[in-house]
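Paired with subunit B in one complex and with subunit C in the other, subunit A is shared by the two complexes that follow.
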Partner chain A sequence: MAQAQISHQPKTFLSRIRKSTQEAFWGYVFILPAMLIIIAFKLVPLVVGLGISFTDWNLLSSPEFIGLQNYARLFTDPVSPIVFKNTFYYSLISVPLNLLISLGLAIALNQKIKGLAFFRTAYYIPVVTASVAVSAVWVWLLSDFGIINQLLNAIGVASVNFLQDPKYALTSITLVDVWKNLGFNVVIFLAALQDVPDELRDAARVDGANERRIFRHVTLPLITPSIFFTAVMGVIGSLQAFDLVFNMSLKHEGGPARATSTIGFYIWQNAFKYSKMGYAAALSFALMAILLVLTIIQWKMRSKWVYGEK
Partner chain B sequence: MSTNTLHNRSARRKSSMSKVLAYALLTLGAVVMLVPFLWMLSTSLKDQAQLFAWPPNWLPNPVTWTNYSEVMGKIKFGLYGFNTLKITLAVTLGRLLFCSMAGYAFARMKFPGKDFLFVMTLATMMISSQITLIPNFIIMRTLGLVNTHLGVILPQLADGFGIFLMRQFFLTFPFELEDAASLDGCNPLMFYWKILIPNSKPILATLAVMTFQGVWNDFLWPLVMLTSPGKRTLAVALSYLVGQYTTRWEIQMAGSVLTVLPVIILFFLLQKYFVQSIKMSGLKG
Partner chain C sequence: MKKSNLFVLLSALLALGMLLAACAPAVKTEAPAATTEAPAAATTEAPTAAAEPVTIKVVSFLTYDENKEGAEAAVVKAFEAAHPEIKVDFQLLPYADYFTSLKTWVAGGTAPDVASLDLSMLQEMAASGSLVDLNPMIKSTGYDLSAYYQSTLDMFQNNGGQYGLPASYSNVVMYYNKKLFDAAGLPYPDDKMDWTTFVDTAKKLTKDTNGDGTIEQFGTAKLWWPYYMLFVGATPFNADATQCTLTDQKAIDGFQAMVDLVLKDKVAPSAKDLAAQDDWHMFEGGRIAMYPIGPWSISEFNDVIKDFDWDATTLPYGPTGEKVTFLFGNAYAMLSSSKQQEAAFTFMKFVTGAEGDQIRQDAGFEIAPIKSVAEGSFLKSMEGKKPANAKVFLDSAEFAKSVPTHARWSEIADIISGQLDSALLGTITVPDAMKAACDAINPILAETKK
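Our next item is the complex of A and B:
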């Protein structure tokens, strides 16, 4: 009511001030709940986590300040190089493989195909499926007497111990990750491909370009922003791999013989199995630093290959 | 003329070849994606004697329902389903409310510090859950909220992406709306509730399905927060079930089906919004 009166009055200096303070008041009221949550559980944790990373703390006694020792331990702990290596392997396999397969499927889907909705749904179902259930079914499929080994035996190949053999365990889990997350990129790429104007392709065709050249020089450059986005998201996601690793390794030990322990898994293990809160926090900050550096590198490099970012 | 038709014909043959190739690739892809689900469902309806048959029996004979009654009864998946639904609905409703409120203020109001707060909100999207896991657990421990559903819900009630999504949408309404509304004596609260929200159903549905699916499937946070068995969510309970019933694949698969079914049903009902939510997440890039 008060506001209505103000807007009928001639705009005096006072009424304008009153109006803007009133608007500011409402603005703060509307952002307050969300800001409280974000500050309390996104920003404060950064400070708290950094603090914890300077301590030796098992949750039972009070935390003891030990300076940078947890960070120094990153370089002396015999396990940390293994988990970093495993994590980079996971990323290096899953991100490019996911991009290639999902791009291939999206291109196929873009051929004015019948049953597009069916195919898109089929690819997307694993994305909305709980990772624990995905792990359970793949552990069953890949188990000693599971259907995949039965199939191998039927064609005369000896059983492979996919998840218990250190040679195959991490690769198997990485491929399940690709299987699970493929559909997300398919939808992104399909949307991008559908946005490429037909006129551009037709013009190239009139100029005598063949389909391969059209794809290489017209379509591909126009979808590079989507490739960039999915690559960045893929790297960020895969470097934090936890759910599948946790649930697909026997007794949640990140084994066999550390073969499937990722940084994310090792953070959980230190914090909630070994009660080494300080070291776990230091590991998580090391992970954040890596994520930040890689994202910045990708961001800087995008002007070299992403369309419209020159 | 004749070379032209020849050219057309070979082009047409080429395009039908590429169509065949496309269908072959897509079908292969669909089989690889769907077979694990069919095998999950099929296994869940078998008794142990049928598990390792070769060639595999896709249609269980006899169909065994006892796996489900064991999972629902002795393994208490009914309770875990209820816990999961409670947490998921609370987070979804809270996030819709708080993100739309903040999105409205960021899109259509003037107040000191707005730009700073908005950039800060966007920056929090970069902070991953692995970083906040330990400190948030410690914060919850200090607040006495470990092993409570409230503790699981609270940190998820607002997120940068949801706020960003709502702000972008609210920016698309004409700004004359406010003038007209304030002439009618409408304050910002009424404007938000009577004008913005009723006209934002598609975007709210998109944010809702995105959140619902994410929270329903969430694993790490409820795993560390919910220490007593009765409080567990389906995802956490399923993980324990798998650890406990190691070679009882039929039980594991029944638990898996029960865990994934609600989201898959929701997905089929609201597929449009799911697809929209993925395209929207592309906005970030």
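Our next item is the complex of A and C:
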């Protein structure tokens, strides 16, 4: 339509309409394949899932409508406070830690040092490695005979039972998550850092700012959009944590004694182990609601600190 | 603009409609499922001669992932040769996601006619009415059940109905590493061993061989937790499953004995030890002296263990003087949505009968529930293999008990094992753990009753 207006050729009202609908038609044709996939595999399951959350359904007998009972169960189930607490802990540790370390790494990798390409690739490798493989390696590293405990013993510290002690198990898995997903943020930050114009930094330098002040007042504000993006994605990703818990807890039980069970893991257990599809769906929607609220809060807050968002 | 919005809406609705249409039959098929029962098989005794061969769909996880040279496919092939009037659409699936897939097919209305099931799968499906009670068909066709071990039939009953025919069973015995016993100068364990002797022997065989403060060689290994309940005669809930009974002194004593093995006497590897190497590989590596395990270990242990000689005996008497072992089993069951019940039953009789069992047994998979096959072939197939005392598997069948069942057993079991995890870490006492477990289990029992 915008195109039609700036066109110099005088056109009749009718031909203009025809042109724009034709363009729109082809536009929709081009997005149709993607739309169909989204509708078939995202929207429809979402709607069906919402329906299931109001039923008692074990897959074997036909679903029975029970209203809001599954949502009420969220408040009476003795396990749900544990999994919510574990999940928030997971998120609270992994998101800030990931942001801090990856920002530091990105700044380091933005310097002119030897073997830069190697390091940039190296940090990205864990991101693209299957989490089953990552888990298997870390279960070994953290075991009683693993290299981490060997090193601790060498400096005179007693072995720590990283994965089987409820005090450390969740933290250990969370830190592995940070290690695994670091590379993703590093790449984003690196791109953002390289977008910061040298002129601005030079100008600041001419004005007498030292490196620290340049970073604080020039570089950092300019990469806040990237920090915002990675923070939002990090919160969403960490609250949905599942694969590392599944793979690293002994016998895939989210233990010891529920210490490492996250919401995502508990949803899986209810759906595919306990055959409680309705409750699993209700848990999923509760999680979705939490994510939605947190994302909206982050979105509203962005004008306070994100550059260019006023 | 308006027009194109409409277009999008229409195409979206169209796509949605197509999807819903694809899903619709799934819901429909639930109805006949409930009504089709025995009559189909009972009334149609007529000769099925020159007619078109009927096709039945069968899914199976037997004989598990190792699937000894395709034993189960061979069983099906033998059936098709013997019954040209029935074609089998046979699908072999890995055990890992088997039950999820099966439940999804039931929900989607594409369930097979016959499926292999383990004990807890079968009980869950029977409780929700997804399986056919075979008793009317057994009666009307005069099928003789006395060829099976009675205990293997009992496992697959629910409320007096027979919901499956056993295809294989196994139980747990105790293997022992002769080299470690010889080195310690101890006599080999036998079937008279009581609990105190067992624990004492295990203590003598538990060693920190290189003196670094961590134990390298364990006297024994902890069994799956339900054993410690069964071996004192305790149950997780009362007979009509209305009340959790784990806080009874019997159950507490049983689980205390388990916790003591790991925490007090330290004769069995803890979760921490097992994180580095599981007990199966520890035994293979000569790090466990007395290892309780079932016949599924026979083929691998015969292949892998070269460094030491080993044999087997029954599990010891429990602390209260009872002798118990696990009874595990797999059955073939018929789904109530099946429209080919007669053909399905013919199939089940063959694959769980003497001929099918024979093929499975010859492949070395577990133990045949058909007495003649087990007694004739199992021992013969074990000649020249270890354990030399293979008869122990048949002897143990005498006092084997199966794990308790409940429509929501996997949930109940997770609650109990979660609490026992804490008890095994020493962060909670056994009585407190059982109290917490009962607090969580009682609501489940109450819900299931209604």
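In the analysis below, the second predicted complex is superposed on the first by the 277 of 310 C-alpha atoms of A that agree within 3 Å, B and C clash if a C-alpha of one lies under 4 Å from a C-alpha of the other, contacts with A are read in each partner's own complex, and residues count from 1 in each chain.
The rule is simple: a residue touches a chain if its C-beta (ideal position, glycine included) is under 8 Å from a C-beta of that chain, and two chains touch if they have at least 3 such contacts.
Note that the coordinates shown come from a computational prediction; the quantities given were computed from them, not determined experimentally.
Colleague: Which partner does A:Phe145 contact after superposing on A: first (subunit B), second (subunit C), both, neither?
Modeller: Both: A:Phe145 reaches subunit B and subunit C.
Colleague: Going by the contact rule stated at the top, is it subunit B or subunit C that touches a larger number of residues on subunit A?
Modeller: Touching more of subunit A: B.
Colleague: A:Phe272 contacts which: subunit B (first), subunit C (second), both, neither?
Modeller: A:Phe272 contacts both subunit B and subunit C.
Colleague: Just checking: does A:Arg258 make contact with subunit B only, subunit C only, both, or neither of them? Give me first, second, both or neither.
Modeller: second
Colleague: Just checking: does A:Ala24 make contact with subunit B only, subunit C only, both, or neither of them? Give me first, second, both or neither.
Modeller: The answer is both, since A:Ala24 touches subunit B and subunit C.
Colleague: Should A:Val44 be classified as contacting the first partner (subunit B), the second (subunit C), both, or neither?
Modeller: It touches subunit B and subunit C both.
Colleague: In the superposed arrangement, does A:Ile113 touch subunit B (first), subunit C (second), both or neither?
Modeller: A:Ile113 sits against subunit B, while subunit C stays out of touch.
Colleague: Touch check for A:Met35: first (subunit B), second (subunit C), both, or neither?
Modeller: After superposing on A, A:Met35 lies in contact with both subunit B and subunit C.
Colleague: First (subunit B), second (subunit C), both or neither: which does A:Gln194 touch?
Modeller: After superposition on chain A, A:Gln194 lies in contact with neither partner.
Colleague: Which of the two partners, first being subunit B and second being subunit C, lies in contact with A:Ile236: first, second, both, or neither?
Modeller: So A:Ile236 only meets subunit B here.
Colleague: Just to be sure I follow: which residues of subunit A are touched by subunit B in one complex and then by subunit C in the other one?
Modeller: Common to the two interfaces on subunit A: residues 1, 20, 24, 28, 35, 40, 44, 59, 139-140, 143, 145, 272.
Colleague: Per the contact definition, I'd like the list of subunit A residues that touch subunit B in the complex.
Modeller: By the definition above, subunit A touches subunit B via 1, 3-4, 7, 20, 23-24, 26-28, 30-31, 33-35, 37-38, 40-46, 48-49, 52, 59, 101, 104-105, 107-109, 111, 113, 118-126, 128-141, 143, 145, 147, 150, 154, 179, 182-184, 187-188, 191, 211, 225-226, 228-229, 232-233, 236, 240, 242-243, 246-247, 251-252, 263-264, 267-268, 271-272, 277, 280-281, 284-285, 287-288, 291-292, 295.
Colleague: Once bound in the complex, which stretches of subunit B touch subunit A?
Modeller: 14, 18-19, 21-23, 25-26, 29-30, 32-34, 36-37, 39-40, 43, 52, 54, 56, 97-99, 101-102, 104-106, 109-112, 114, 117, 120-121, 124, 126-139, 141, 154-155, 157-160, 163, 179, 182-185, 187-189, 192, 213, 216-217, 219-220, 224, 234-236, 238-239, 242-243, 249, 252-253, 255-256, 259-260, 263-264, 267-268, 271, 274-275, 278-279, 282, 284-285
Colleague: With touch defined as at the start, can you tell me which subunit A residues reach subunit C in the complex?
Modeller: Within the complex, subunit A contacts subunit C at residues 1, 20-21, 24-25, 28, 32, 35-36, 39-40, 44, 58-62, 78-79, 139-140, 143-146, 159, 161, 163-166, 250, 253, 255-258, 269, 272-276.
Colleague: In the complex formed with subunit A, which residues of subunit C make contact?
Modeller: 1, 3-4, 7-8, 11-12, 15-16, 19, 27, 30, 100, 103-104, 106-107, 124-125, 128-130, 214, 270-276, 408, 410-411, 414, 417-419, 421-422, 425, 427, 439-440
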